[in-house]
Amino acid sequence: MRTSREVHTALQSGGPVVALESTVITHGLPAPVNLETARRLEAAVREEGAVPATIGVLEGEVRVGLAPDELEALATRNAVEKASLWNLAAVVARRQWAGTTVATTAHLAARAGIRVFATGGIGGVHPVPFDESGDLLGLSRTPVVVVSSGPKSILDLAATLERLESYGVGVVGYRTKHLPAFHAPDSPFELPATVWSEAEAAATWRAARALGLESATLVFHPVSEGLPYRQVKAWVDQANEEARAAGIGGKDLTPYLLRRLSELSEGRTDAVNLRLLEENARLAARIARKLSA
Amino acid sequence: MRTSREVHTALQSGGPVVALESTVITHGLPAPVNLETARRLEAAVREEGAVPATIGVLEGEVRVGLAPDELEALATRNAVEKASLWNLAAVVARRQWAGTTVATTAHLAARAGIRVFATGGIGGVHPVPFDESGDLLGLSRTPVVVVSSGPKSILDLAATLERLESYGVGVVGYRTKHLPAFHAPDSPFELPATVWSEAEAAATWRAARALGLESATLVFHPVSEGLPYRQVKAWVDQANEEARAAGIGGKDLTPYLLRRLSELSEGRTDAVNLRLLEENARLAARIARKLSA
Amino acid sequence: MRTSREVHTALQSGGPVVALESTVITHGLPAPVNLETARRLEAAVREEGAVPATIGVLEGEVRVGLAPDELEALATRNAVEKASLWNLAAVVARRQWAGTTVATTAHLAARAGIRVFATGGIGGVHPVPFDESGDLLGLSRTPVVVVSSGPKSILDLAATLERLESYGVGVVGYRTKHLPAFHAPDSPFELPATVWSEAEAAATWRAARALGLESATLVFHPVSEGLPYRQVKAWVDQANEEARAAGIGGKDLTPYLLRRLSELSEGRTDAVNLRLLEENARLAARIARKLSA
């Protein structure tokens, strides 16, 4: 595991650092939007006064903080793995390249001494028996602030929230009492706690540390201009129906659903996705500054 | 986190201390029974020769051991939160008051150096998909003896026992080979181990520590004079039927079921509840004394 | 917990040691095949240049490395417990004898400083709601290499693989891209990573340690001469049908299914079982040697 000089220097001096994940670059967005977005997120973190630390695996080496040419290499390369906690060590041992998932990035960030991590949406419970993201249990064991816009839209939101409770993952809404639903800023599901400021989010993290809680502190941040919950849900339901009718399942299901969501919304879900990524990076930077103050 | 002088002194000298939870005070029992019961449980622990340490959150401060006026304040105050592991840090950060659940109390007790904790019933698997108490995974990570009368009656007992096995939570029956079912001292479900004395319960805890097991040691203690398992199950089934017919679900379901249980049993479940709480406090105190000897 | 002199000496000098479990001796195989097999597995480990450490509980004492007479005593004794993580401490406290399950053996091996453990098959998700082996979560918390031939044949393989992902357990196929299915060397289920040599398996373990991952590294090793996946699946399905028709369930189900598998295959599943146990012991020894080099 290698930390860039800039990130290392910032951490040494207790300065604000924000970890960013890389599956959004390697698997989540098409080229060239992926590289543009990765750059924009780093720039957004800097504009808010923090140091970005994009995390990925380059030729078997875990890297915390990427130079511009490294970011480009990761974004443009073919045959890049997706490193979850269950295959991360093998990816490293076999000298592969990989984007890192939410749980993996959170783990590596915490290990590097970074306290705040921004992403788009977290994984959760799929509406398929036993298909539950490693993010859920992973986050229950990883002491880091994770800023996201909620579980990804295609997930079973109610079940995902139950699992977060069952696994004891710290959860707060940022200025919302309901679970934000990724593309939708609102949903019918009540959160167990709300923070009304960056200072309160930072205080929640400090309290968790003082009390010896090992879980992440999830800060659910509703996107500023999103889509109506019922509309997104209707698209997701329709896409699931179509997949069932066409016999699409297994590993093909999630990419199919995301593509159909984009088509059904005439690209509006894509625009919201980019917006929330940047907004989360900014909020994470402001929370990181509170924690450094 | 602040430990009372009395509890601190007892812990320093290796003396017996029993942690008590506070959601039974803030959410489990109506006034004025809640405060009376809290006092009676503390008195019962003292009568058995141990120091009680009721745990709660007062204006954002975790308190281990409450003075009489603090206990009263917690019992009589309005708008008190229920602090599970997923919202504990936020409750503290926001300077709120809260009763602490089984998993939260166990965590805080262990952190304070207390080895034995008494409660009424533990949480578990509800007969609703994905509704599983944070007690289950929480207890798999918290090295403390927990004395209870089994999972609460409205839970899916078989599924709860399976989860305890799946999560590797240490489980013993106290002088019983079957899972006690809270209001009922017996059930058809076999336990993996039985202890026949306080000394054996204490030895189980010591063995767990010596072997590096991080889970709780659950001591399931059948209530001395309870209700027949089939009778309680029939009431629970009836109450669930009624709830379904009346469209009651979500957060309203558990309070509804408990109220109906009380009504259908003509108050007998309430009497049993108070009895088992005191009996568990006494057994916990005797185990704590064995551990201090 | 007592480590034999031979195992202790090997560990002190950084030499290769392979842990072996004992439920295969106490519960998995009938006499006298159980003792013969236990001896053969130890001999196989030695032939590959490593020191075997069979782990079991003798009269309440956890033993790491058994002398020949102790192995015989464990194999021939009546009324021996099966120590899973949820009853291990009670077994020790009550001075009982026990075979140790996969999760328990892995935990004890790691605690003794042993890095590699060989077994036949791991536990997983049964096709009965909530019946999930403690091996799954246990292995997510235990840093040890576990060589097996996949989940046992009577399990829900797809669900078991999902749980391994959800729990972040490190998984690699040894020279296979598909999950081996115990009696069958192949199955339709894709693994997240493959290693092509003992050196790569060892490197995966080292990477996991360097990255602070606390989970096991499961090395799934297909049996050299096994049975066709579809054939085994057909037998398992038939046996489950028969059990349902005969009203066999609960604790009686697994023994019934295994006996019927043996009968339906005319003993071929038994032969494969012995073969894979030895092959796994040999591969584990070779990986242990790589880790010692």
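Letters A, B and C name the chains as they come in the text, with residue numbers starting at 1 for each one.
The rule is simple: a contact is a pair of C-beta atoms (placed from the backbone, for glycine too) under 8 Å apart; a residue touches a chain by one contact, two chains touch by 3 or more.
Since this is a predicted model, take the numbers as computed values, not measurements.
Engineer: Under the over-half criterion for shared residue numbers, do copies subunit B and subunit C use the same patch or different patches to meet?
Structural biologist: Looking at both copies, the contact residues mostly diverge.
Engineer: Superimpose the Cα trace of subunit A on the Cα trace of subunit C, which carries the same sequence, then give the rotation angle to the nearest 5°.
Structural biologist: So the copies are related by a turn of 120 degrees.
Engineer: Any idea how many Å lie between the Cα centroids of subunit B and subunit C?
Structural biologist: Between these chains, centre-to-centre, one finds 35 Å.
Engineer: By residue number and range, which residues of subunit A touch two or more other chains?
Structural biologist: None at all.
Engineer: Write out the stretch or stretches of subunit C touching subunit B in their complex.
Structural biologist: Going through subunit C, the ones touching subunit B are 1, 62, 84-94, 103, 107-108, 111, 129-134, 136-138, 141, 251.
Engineer: Which bits of subunit C are touching subunit A when the two form their complex?
Structural biologist: On the subunit C side, the touching residues are 125, 140, 158-159, 162-172, 190, 192-195, 200, 203-208, 210-215, 217.
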